[in-house]
Every structure is written in C-alpha cells, then in structure tokens.
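Listed after this line are the structures, all set down as structure tokens.
Here chain A shows up in two complexes: once beside chain B, once beside chain C.
Our next item is the complex of A and B:
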C-alpha cells in the first residue's frame, strides 16, 4: 500500500458473501455422486450382538453399505483414526461407546434411498454398564470405555502422554513449579473451590460436510476442515497410502470454532466412496453435529494459598476434563487447560494434575478457547471469592498479582510483551469500577459489576509454510493451507502480502487450501492463522523481494545495496529512482514467475514430568468487565454493559479484529448464561437449536465496547480468534456475585441457580440473626 | 421416510376436511410449517400425508370484527395479529402476546390456527386466548362447531379436535370497555426461547374498584390454567395491598407446575407467584393512570 493510503478494513470476499456466492463444501456436486447417511448407536455402551445389513444391501439405488466389521476385514483399510490416539473406529467395531456413534454407513442414489436402507438394518445390542460423568468413570471397578490402552500414532510435537492403563484415564498432564507444600505452608489463608463447566457445542452455522472420491489409487476429499494437512495424513493412514496419494481440498468454511479441527466424518465418506466406486457426499444434520464433537465438560478444584496482604503464593489445581468416548484432541487440551489454571498471575509455587477422562458421551475436542474457558471460569471466579474473604478490592487484588514483564508463568518461562495491568485498567475504567462501588438496588432489581483477566497460549512448537508466486504482470498468488472460515484469513494474508511487497490489495489472490498444491500448515486454530500463517506469507514475500533486488540490480546495472522496492517498482535508491515495474523484472528475468518460499517455525516444549519449559511462543492477553442486573425475585440475570480489552500486538484488519472480539463476547455470554448439553443416561436431550440455547442479539449488552491495545512499534501480531473469550464467563459470574452475594460455581448461571443461591443466603442470614438474638445480653 | 409422504394442497376447507377424513388420522394439517417441519425432521410424527392449507381462500386469512368479537382466520400469521391496527385497538394484549412469540422470522409464517392446533404447552398465545374466553372454530365432515378454549386444550399436543377437523378461525370476544390487559412472558434462557412461564392478567375497573379480574398462566403445565375461585378474590377490591400477593400465592399453589429444561417445578411455582403478582400490579397501575 502506498504511503498515506487508508489501510483496508473489512473482507475482500464481502460481496461474494453477502450475495450468497461463496462456494462451500455443500455446494460441491460431482457427476454420479452418491449421498451418504449413517445409522447411529442408540446405546451408550453395548456390544453389537447382531448386525444384519443384507436387506439394506438389496435395496435398489443403494451403492454401498458398510459396517465396522466390513472395514476390519479389508486389507486395504486401517479402520481407526484420531489426531493423537487411533482409538476411534470409522464405524463401530465390536461395541458402541456412545449414543450417536456411527454403526452402519450407506451410500445411495439420494438421501431418501439412503435413509430407507438404514431403516432396513437390523441391529441388536447387549447393553454394557456405562459411565457418563467424571466420578462414574473414576470409581474403582468402573466399566472401561476402552479395554485396551489406546494406540498412539504420529501426532503433534507438543503432545505429552501419561497413560493409566486399566482405568478410564485417557491422559494426564503434570506441572510442578516450585515447592507446592512449602508454598501452601507459607500462605496465611488457603482457599479451596471447585468449579464446573458443562459439555457444549461449537455450533458452526455450516455443519460438517465431506465429498470424497477414490479413483486411480488416489483419495480426494473436499472437506470442512481446519487442518488440511493433518487430515491428509490421517486419511493416508486409513487407506494405507503414501500421503502424496491423498488430496484434501478445503473450500471456505461456514464457521468452525474448533469443531472442524480433527478428522470426524471424512474417513466415513472416503471409505464409502471406495466401496461405492463413485463420489460420495456426507453432510451432517444438526442433530448429528451435536454428537460428532463437543467442548469438554470439566471440573476444576483450585487450592490457592494467599498472604494476608493479598499475594498469591501457591496454587494446586486438580482438573478433570470429560473427553467422551474417544480421545480426539483431549490428550493435548488437558495440558493447556491444566497449566492455564495458574492464570496471568505471578505464583511461585504451582502444582497441576490435569486428566482427560473417557466416558460414554460424545467425543470432546477443540473449542474456541481450548481448555482456557474452563480454567478461566475457575481461577477468575476464585479470585473474587478470595478478594471477598480477605476484604480486598477485586481490582487491586488482581493488580497486585498480575504478571509483569519478565515474571514467570506456571511453566517457568518468562512472559514478555506483558500488558495485563493495562488491559485490566482499561476495562475497569470503561465500566466505571471504583473500590467503593456498592451494588445498587431498585425494587427487586439489583446491579453489580465484575472483572476478569486471562492468559492464553498458542500452540508451540508450530510450523507454517507459504509460497507466493509473483506473476509477470506484477500480481501475486499466495499459496497457503491456512483455512478461511469466516475469520478473514484470506483478507489478512492478502493485506500482509500486499503491504510487504508494496503492491495494491487487488493484485493479490490468496488460494484456498489444496494439499496437492498449497504447502504445509499445521493448523488453522489456536489463534495462529494471522500470526503464524501470516508470518510465513511475509517470509515468502521477503524471499521474492530478495530475488527482485538481486535480479533488479543486475538489470539496472547497480549493486544490490543501491536498489530498493518502492511504489511497485525495483528502483535505484538515489533519485531520480531509475527503475522497473515488478512485472517487468519478472519478464526480463525469463523465469516465468518468481516463487518465494517462507517457513515460519516456533520452538518450545515442556518437560513431561514437571511441565516446565516453553509452552507458548507468545501470550494472548485479555481482560473484561461486566455490569449485570439481577431480579432478586426470579434470579434472572441481564447483562447491561460489557467492556472487553485485548492485546493483539499489531492490528492487521481493524473491522475484522473488532468483529472477532465482539464475536467472542457473544460466545461468552451464551456460555455464561445459557449453553449446556443435557444428557440423560448418555442420551442427549437437547440436540436441536430450539432446545439448545444460544444467545440472541437481544441478550447482548446495550453497551458493548471492545478496547484494542495496540503496539505498532513492536509490530508483532498476536492472535485474537480466541483471546477475548475466556474472561467473559467469570466477569459475568463475578458481577452476579457483586450484585447478589450469590456465587454460582457451575455454568451456566441459570435464574434457578441464582434464586436457590439467594434463598440459601437469606436462610443463612436468618440463622445468623437468630443465633445473635439467642445470645444472652451481657 | 420408509414410505413416501403425500402432499396435498386443497383449495377449500371442505376438500381439506375430505382429505383428512380419507386418511383417517394419518394426515397432518400444515400451514406455516414452523412446527410440522421440526416434528417431521426429528421423526416425532410420521404421517402418511400432509394437507397444506396454503391455497385455501375461504376467509382464512382475514382479521375481522363480528358480533362483538374479533375473528382471526386460521391462516392469519402471528405477525399480522401483532401489527393489526384493529387488534391493537380492540384487544391490545392480544397483539402484544403474539408479538412476543419467537422472532420476527417465525412470526411471519407461524399461524393462529397452527399455534392452537399444535397445543404446545410452551406457546405464548394459548394462555391469553383462555383469559379472553376465546372460542376455536373448527370444521369437520358434519359442519362447523365452536369449542371454548377452556375445553379445547386437553394435554401435551392434545386438543378437542377430531382427526378430520380443521381449525378455521379463533373467535375472541372483545372485552368490555375499560378492560386492561397485560401479558408477562418470563424466559429463563435466550430472549428467543419459549416462555418458562407466561402470565396474562385482564382487569376491568369500575371507578376505583375492580369489576372483573381474569388471570391465566401458560407454559407452566400441560395446558394453560385459570382459577376463577382465585380470580374472584380480586373483584370489588382496588387490586392493591394484600389481595394481590394472596392471588399470586393461590395460583402458585394451585398449579401443578412441570419440570423441563426451562425450570424445575419448584422454580416455576416461585416464578408464577412473582409473575402473577407483577401482571396484576401492572394492569392495576395502568388502570389508575387513566
């Protein structure tokens, strides 16, 4: 962009979006394409006693009917998959582990024929005892969801495994910083509180969809995936093929929020395509989406030691995450959710045990916030519990403990570029926080305010590669496997490339992921797409720039250090800036196009026994302040005002940045007040969006302000996709406490929980008054 | 579907009734299709045929005043009731209640006939229709009949309609001049959720004294409830002071509140008590402002 121009803000594909012209995966139609449907388990835990698909196979219009047993028999298929453990059968083998697990898959001429075939399947189950909650699963002698220890496979570099064979513990993460016993002994007061988060849905507007084709020894899928290259690897393993023979194409996604991180439906579509010998489309209905991937329900107990003057000296965290019937990414998430419980606080002694627990509910995986939502709900709620008991102002108590530049996080690594205090101060000012603020009351309506401040890592180590082609017209194609899912990846990468090369934005096209053509990118998640994917794009442009300087200096007949790239030209630094347009350099070089390559890699790892090391290449920082009103007669909470603040480093696209931050507030309000998957005996009770509640526009605060703390000089980009979500729930919970004196420890904060809390509080007050009344007057 | 689902679009009520009779209880009437589509998709119903009322004229789309009553045709949408100048003038609480249902996208298609025939306990309009002594007009093979709302709702998704009857209109007597009404919808979850409890209060004042009080509670039990023996406590009073909490407590203990994801039975009773009191207070204070 030339100097003085207004930076682009918005989406480069906005027109296509609002006119309905974005080609999503569901729009893919191939000649002869069959439609897939799946018969799902009606049992939470059962042996498959009999499975007869013969009548389904005979139905006209049915091309393929597959069972887990069929897949197990095939020598060309490895019938298990998963991002860490290969514990998930493509279709149930031998037994089913949750209600909704795929048992039989059908490909047929249309959806009606596929459904009709499923209706002709006879299946008998022998029910097994099941475990649904954490305590069920950990009870001595509890039935095992997986009898055998899960098989590990090729996975991410940061995964730490501590198995507990013979139990339902899927994985454990340990962190030992300092000396916890000494720390707790040194504390003047020790607080122990337990907080709960329910299983939730990511609810992307677009449900999972996959179109698969198997021809000429190659597997091609069009998939709604946040991780094209890992999906390629998983499918290659399933098909026992070299990864080069698998091709994953990812059109724009209609939202993901973590739901589309790891393989789920793609192996089913692909084995059906193999068996049907024709392309197959598999598109989940919303109720199927509900049982495909979820957010971990969690229980976190924090034992926190504090000095009388309000310094946190020790924290012991016991975290249990319900990972459901299959591990998915649970084995890694417990690490983030585990060390995350230390929060953005300077605590010398930290001890964490964090567990992923197998149960007979649908698998839990990645969810915007990635374990930090559960952790932050716990530690930021407990901050106010402690402040109240010690008689401290929650703002001052936080300011006293927030990490400052160079202090160490729970993992022992110093935290740099640290802005927690500034962020907390921004939101406190915004909401009008004041230590003397008392709740206000008007009739049955009380008002209160709450604060919260959180820290989130980004996956480390991680790698992104980008390739850019500078065409002989001076335009640029950016090849990356980063995924556009509505967050604005294409726009962000185009801006970064255009400004780095100094060309106008309309000359840049960002290509959608296609693993045959676009280079490796680890994952479009963990708030890393603009940060890490974008860094690779910038490095690739730098590579092209170096080539331009080299070639241009030759063409201009001056030394390399005498040329510069400016105004879309390679020119001499000295006036009168004799030069060539970029396209001209390419043409004269006779290279066809200049190809730039950039690899961005972060380093780090944690010691498996102590959790000490480097957990994150940088830290995503946020704070929140909420004001609520509560109806004391019904317990109903209304969010009146909300101020959120985040540190994005440098903002690439202001409109999109603000929308991400606001979107996170919507997610958080929903989780604070409404969302919850309700199970009865492993059967989900609210698998529709009429019964599973999301926040509506009406529930959003009338005053919603997102503060962006920028640091343009430093120039680093910090991810914002998730950053501002974790503080929302506790800010609201703390405001409810401030208004009512009722501390709800299990999300969501329903009116009924608040009303019960008010009754208990009133009963306790009454008991205290009675006790005083009974004391003899001296 | 195991069998293909027939779809009929009769052009008269008589033809619709004929079709329903032919299928003998295995056909479902569909109008706005906000409810039927969800039930079909979730396989809660498995009819052999759908009988769409979409092409029927027969006055099913009109809102008119007739013999001291408002007559809402079965195909009138929620949004039309909400926005109708006639309804707003004659029975404002009716427009107000239909205006609280779901969101504008749903209200643009969901019909008056549909909401009564579906008989979902968590719909807003049934309670207000009960309080207003409305009648459901239905036509079957033997002609038309009027069913008082109090007799119409029988249980969860259960009405007094015969399998071959079609709701053609809802007839609502216009309350005497000076009647004030208020519908108080209480949601425990998102603002677009169905009510946990809905309370309608109607009061007519004769000077400072209440000449008539009607209170109906919806969404808290299988069918909307009115308790005349409790309502009458308000008559002759100013609807101030102790009588209002007494009435509210009476409703809370008289209604056998149900348990669902929107609230437990215990919680609903607490809310009924609060909301009945507030609804009466609201009509009482509106009355005093005249």
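Our next item is the complex of A and C:
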C-alpha cells in the first residue's frame, strides 16, 4: 500500500463495502429516537382551506405534529430555506405548489404510529389554476407560482440574478459574445432546431435520510448531504442561531448524483426534533424521493449559422429550464446550461438567453452533468443535423470547429490545456469510424454509429479548506468536509496526502465531514472533490512539510536548505542522510501534533449583462462514439458498442477513474433510452422503480472501452465525475439517426418515437416517389 | 398444508400489535417481535441490526435488499416477516468466515473494485452466490441475465461482471477436488 512505489488503485474502505458495514446515515439510531413521516400535497396548486391536525396530535405515541402555520407562528423559527432564494417553506404555508409538497410533519414512536397520525389529518384545498410546462408558465396572464418575488439570501459568489417580477421567470442568464446579427448574416446557411430533455430523478439507491437532534441550544443533524457547510448555514437561518451552534455530520453516502446537493428534508427533521424534544429520523421512501428533487426538464432552441465549407460562425441559444415549484439551484444551473450550449466549438458570435421557469411540478436542482446534459443533447444533435444537410462527415465537421489551445469559449476566456480533437479522434478510431460505412442492415436490424464531444465547467470561484494533523507516531489525519459518495473521495484524498508527505497509505485516515471539526468546503459537486478538495489537502500537507523542515533543521543542527523529507524521515540532503522519523520530529518538537492548513481558492466571474469573463478554472473535456442497433419492426434501440474518452489531467486512482467513466455510460444509457418523469396534471405517474427504468447489466454495451487521456507532466487534476456523461445521449441519438434516418429531438429515444419517425420517413419517401411517378414520361 | 402465516395468525399479539417470530438468519435462530405486516427487510434491520440489507425501491425491482432464502435470492422488501419463518435466511453479514475472512465472491469484488457507493453491493454479492450455486460455470451473458434484477445506479457493471467471472474461477478452484 505504499504511495510512491506502486500507485494504489482501489478503495481504502473496500472491506466495509463488501461486508455491508459502511456506516450510512440510514443506520444511525439514537436513544429515544422518533420516526418522522410527512403528509404531502395531493394538489398541484391550491390554497390550504382547512388543516386540522387535532386528532393526529391526540394519538398515543405521537410526539410532534407540525404544520407550516405552526412554524410561521414560532418566533424562534424562520420557516423558509433554499440555496439561492429562500423560497421554499419547510412545510407548505398558505398554499401548496406541487403534488408531493410536504404539508404536515409528524414524529412518532415508530413508522406505523407516524403513518396512523397522518391518516388522521383533515385537509381541504381550494384548487388554483396551475402551470406545468414552460409555455403554460410563460403565457400572458398565467397563474403565478410565487406571487411575490423570491427573497434572495446569502449564496454563492458566481450566481447572477436577473429577476422578472410578476412573471413565472425565476431567473435569467444572458451571454453576448461578438455580434450575433452580423454573425448570422455572414453565414451561408442558418439552422434552427429545438431539442427537449425531460425532467428526471437522480435515483440514488440510498434515498435522502436525516437524523436530527436539538439539545442545549444546539442543532445536530446526520445528513445525506453533498454540502455540509451550506446545510449548516441554512439550518442556522431556520433556527436563528449562530452557525457555530449547528452541527452537520455527513456519513458516507449511498450515491447522490446531485440529488443531495442542496438542503431538502433536513429542515423538516430538525424542526420536528425541536418540537418532539427528542432525536428524529426522517428517511424518504422511493416515491417521496421522486418529488423531493429532480433534474430540470429543458427546451433549447439553437439557431446556428455556418459557412458552406462547415465553419460555425454564429449561434443563438434560447434555453428554458423548468425549475419546478421552488428555485433550488435553478438560478445557477441556467448559467451553465446557457453558456454550455456553445459547446466546445470556436464560435465568434454567440448569444444566449437562458431562463429558469417556475411551474407546479416538483423542484428541480443539481443533477450529474448540471445543465450540460440538456445543452449537449441539443448542440451535439444539431451538429449532425447540420453535417447531414451540408453533406459533411460528422467527424470532419467537428474537427473543423473544435476549440484548440488558447481559442476562446463563449464566455470570452481562452481555453487552455485543450484536448478535444485528441479525444474525438480516440473514440472515432475506437469505434472504427468511417464516414462511408456508418450504416449496415441485416433483415429488420439496422446498425449505425454516432459521435459527440462536450465541454463542461467546474464551479468558479470556489473554495476548499483542509487541515491535516501529523501525529507523534508519524501518522496523518486529514480533515476535510468533502463528502464520500461512492466517487472514492476518501481514497483519493488519502493518496494525495500520503504521496505528498511520502508516507504509506495505511498511515493516513480521512475524517468524515463534521462541521464542528472539519473545515469549510464549498460543495462535493461540480466534479471538484479530487480536484479542489484534493488541492486543499495537498496544500495542508505542504504546510506540515514546511514545519517539519523548520523543526527538523533545528534538531539536526543544519540550515533549512540542507534538509529534505524522504523515506518518511526528515534528513540531511547530503549522504549519509542523518535524520529523524516524522513522528520523532513531532515528539521532539513537544507540540503534540503538527497541524497543517491548506486553502484552495479559484477566481473568476462573469459580467452580468454579457456573460463574458471567467466561468471556469479549467475545462472538463470528453468525447464519445456509440454504435447502436435498431429494430425497424419494433423501434427498439440497443447500444452495442461504446467508446468514451475524458481528459482527467493526472489520474490519482486508476480504477476509480475508470469507474467514473464507465458509470457515466450506465447513467447516460437510460437517459438516452428510458428515463422520463411522466406527469399528468402535475401528478407524477411513474414514481417507482417498476415504472421508471434505469440501466441494468442487460442494457450496457457489450463492448465498452473508456479512454483516459492523461497529462502527467502538467500534473493538474481535472474533475471526471460528470465530464463524460453529457456526450452519451447525443452519441446514441446520432447513431440512431445514422442507422435509421430518424432524428429524435426529444429524449428519451423510445421505440414509439423511433417507429413514428420511421413511418414519417417512409410516408415522405412514398410521397416523393408518387411525385416522381406523376411526372410526364419524356 | 399450513402456511407459516396461518400459524402466526394464531399467536398472541402483544400491546404493540406484535407477535413473536423465530427467524433463522445466518445460521442462527433469532426470536424477534414484529407486526404481521412488517417485511423481512424491516425486521432484519430494526430487530437484528443487519444493516447490509437495504431498502431502495420497496417494490422488488432493484435488488438492493436481496437476501437468500433457502439459497434462492428474494427481495426482502416483498417478503412479510412471518413468511420467512422456517427458511434459512442468508444476508451479507453471513458471507464472512468466523474470523472475518471474506468469501471468495466478496474478495473478488474487492480486488476488482466492483462498486462505487456500494449501497447495492450486498445484493449483488448474494445474487452472485445464488448464481454460482445454480450454475458453477456461467457465461458472461448468463451472469448479465441473472444479475439484471440488481441495479447499480453508479454503473459499476463492467467491474461487477469482471468480479463475477473471476469469482466463478475462485469458487470452482476452492471446491475442486485435490
């Protein structure tokens, strides 16, 4: 396990993982702990006309029954929360805004009693007209989801707010690069296409869970959260307490994918714990998870101007993201999803208007890919629409337009460490790309290949802090609030610390987040855990190294520049390397332990009117090639082969890197082919895993190759958690087009849509033949 | 024939509405109290603290709560606890040897890092155990089909299938006559 000799590839907590002993939040049980359950709205939009919880309160075994009105009355509670706007009530106040919104919360001796109490609640609603889709919400005179403009609170530095009071527009992002009208006028051909991505759910197998306790004027929660410090801040606001009096502890997560990025259920558990005067556990059922947070449905219209020889000269993007009843992180996501529509292409004139729209469906938040899935589905599909019309090879057309070193992205910033062409070429070679033989047919089965290449930012500016304690035994504790959610954060941070200090991996322990002890980390999202959290760990180790050198030089009686750290010792540089073991240096320093601190901070911002500036500290780059099989009789699509490529800079843990890339394929296949939240009148129709289909072993391509393009000399770490997901859907969609000639523009690519497309294609062919037949014979 | 549930229906119910059940889990008999509508999943977690059994879908579609009942994989979320009486239940906690040494299937999953968040891992391990008991020499396509009822949202399927095919060799190697 020594760092430095053979690089470690695996997970340091593998034993716990295969024995079922990983300590998830759902395992936490405290003495006297009550179980929470929530009564949810059955209406999409309604005034709460009457709410009677008196019978529920009288039920034996019930410790607390709370309504929004109860919370509003309490002087010690501020009953709203949210990462940007404080627009989300802990429990519905006055009206409900979506089917599934929490209305009444109960804490009882067990789940059966809590459920019985909910059954005794009487609630009457006065139904209000509701809006579900983007067009409903934007129609003149549409009912307003929020009558008052949402109240912004303390939030992230990169967030730009452009409100539209009196409408359902939650926020707008604008980007203006070059002169769009001139660019479109200069184009030989202009293409306008609209693409649609449906609302989805992240479906972590571990649903949200929170155990809360309020004692001695302190609030403690054990939470399934990707963002311990912001959750602490939101809870401090709710309880009107200094943040120091709130403690957030985050055990290992059973998957997250963005679902657990922002506060959701924790305020409910915490106010119940206050009211019940005992610890409370709130663990969502699967159907509740579906209505707690979702991926934004998105409609994106791209107007792209190209020259006849295939250069993209202008792109105008109109993006609408359905953010549901509460903003969550929608106000930020529209920025990434907006500028993201320019793709990894060198386009001189770009114009983007991107909107987050309030509607009466469950709130949409962060989802692996963060707006770029929707954007990439649009621009990478349109790339092939254009290539087809101009008679260009989709590979050559992309190669002509992909950004190269130093060219500027839509935000005007030069893209450095740029590898798009290499990545695209890797996957094209892998799949056996040949423009002339992309399609084959055998009976009713046709095969086709498709390509895709995408760019993704990482949240900028951002901050991560790490602390390391070098113990007097020479072992190291790493304190960070980065969250282990299956991506291997603990292993990656342990490797980075061990190799930086030159000690063996088994001497390093990475502590789980506990905001009482572990320092600030902005969030475990945006593919930044290894990259930014890891950088903070390295800086903290550097701080300890500097102390070791200083103290060691004194102990060895030589100047600091004559001292080095090697072989887990502080020693003289000159042979015979007189030295002391690291633990010995700590002991002789009489300081108990050496404490190192590291703060990693990135800088950047965008102009609020033009979207020009610095959007990302670096750019995450990926490409994909897919080969599919389509059954012309059933419309069923099967992914046969897939090559995916990513640029991670430097790989820290080989097997984890592969798992991220392979995992993104699994995550993307079902988004391409199956996943969709289906609503009827705001009521979710498929809130079970019997009706909402995920990728299984059978759906994975039989040939799956992930290409990892490393650059060890440069040494930078680029995030890969999300990077390779956005290209999956368009690569499959483009392959389906090349197999069948059917262009599906709205995900998922279901057999019904393919069959409908085939019929339309055949009808068009027939009409053309008839037209020819009707021509007079010469 | 008397169903286990019929026998349960005749047992005295305590103040909490619970009856006494005897469940044989991981080679030992356990007396537990449960309401007749409680699932095996709930009882394994709440009474026996076997936290390797995990709910994820509650409708028998994801495989995360898989246990073996008389060697057959079942979704413990779909089995009422009284129905499990008289069956030999195996959970992931029962896979290890007496001194904590890993079963060859577990070791293979470790060696291939066949997981990410690992919430689904116990289900995959137990389903693999049942697969290899039924068919000691499955092809990769056999394994794909057999494991299709276990979902891994992290998408660790490539490594899972590698681990299963490797586990096959390890299990065969161990049981081969010397």
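We adopt the following convention: the second predicted complex is superposed on the first by the 771 of 778 C-alpha atoms of A that agree within 3 Å, B and C clash if a C-alpha of one lies under 4 Å from a C-alpha of the other, contacts with A are read in each partner's own complex, and residues count from 1 in each chain.
By definition in this document, a residue touches a chain if its C-beta (ideal position, glycine included) is under 8 Å from a C-beta of that chain, and two chains touch if they have at least 3 such contacts.
As the structure is a computational prediction, the values presented were derived from the model and not from experiment.
Contacts of A:633 after superposition on the shared chain: chain B is touched, whereas chain C is not. By the touch criterion defined above, A:18 lies against chain C but remains apart from chain B after alignment on the C-alpha atoms of chain A.
Legend: residue contacts after superposition of the two complexes on their common chain; A:678 is shown touching chain B, with no touch to chain C. By the document's definition of touching, of the two partners only chain B reaches A:755; chain C does not.
In the superposition on chain A, contact of A:112 is made with both chain B and chain C. In the superposition on chain A, contact is made by A:688 with both chain B and chain C.
When the two structures are aligned on the shared chain, A:396 is found in touch with neither chain B nor chain C.
In the superposition on chain A, A:205 makes contact with chain C only, while chain B stays out of contact range.
Of the two partner chains placed by superposition, chain B and chain C are both touched by A:698. Greater residue coverage of chain A by touch, when chain B is weighed against chain C, goes to C. Put simply, chain A uses residues 112, 285, 688, 690, 694-696, 698 to touch chain B in one complex and chain C in the other. Interface residues of chain C, counted against chain A in their complex, comprise 17, 35, 50-54, 56-59, 61-62, 64, 91-93, 95-96, 100, 102, 106-107, 109-110, 113, 115-122, 125, 143-145, 147-161.
Against chain A, in their complex, chain B makes its touches with residues 1-2, 4, 38, 41-42, 103, 186, 188-193, 261, 263-264, 267, 270-271, 274-275.
Remark: chain A residues 9-11, 14-15, 17-22, 24, 26-27, 112, 203-207, 252-257, 285-286, 485-488, 655-656, 658-659, 662-667, 688-690, 694-698, 700, 704 touch chain C in the complex.
Within the complex formed with chain B, the residues of chain A that make contact are 112, 115-116, 119, 285, 287, 633-634, 636, 670, 673-674, 678, 685-686, 688, 690-691, 693-696, 698-699, 750-752, 755.
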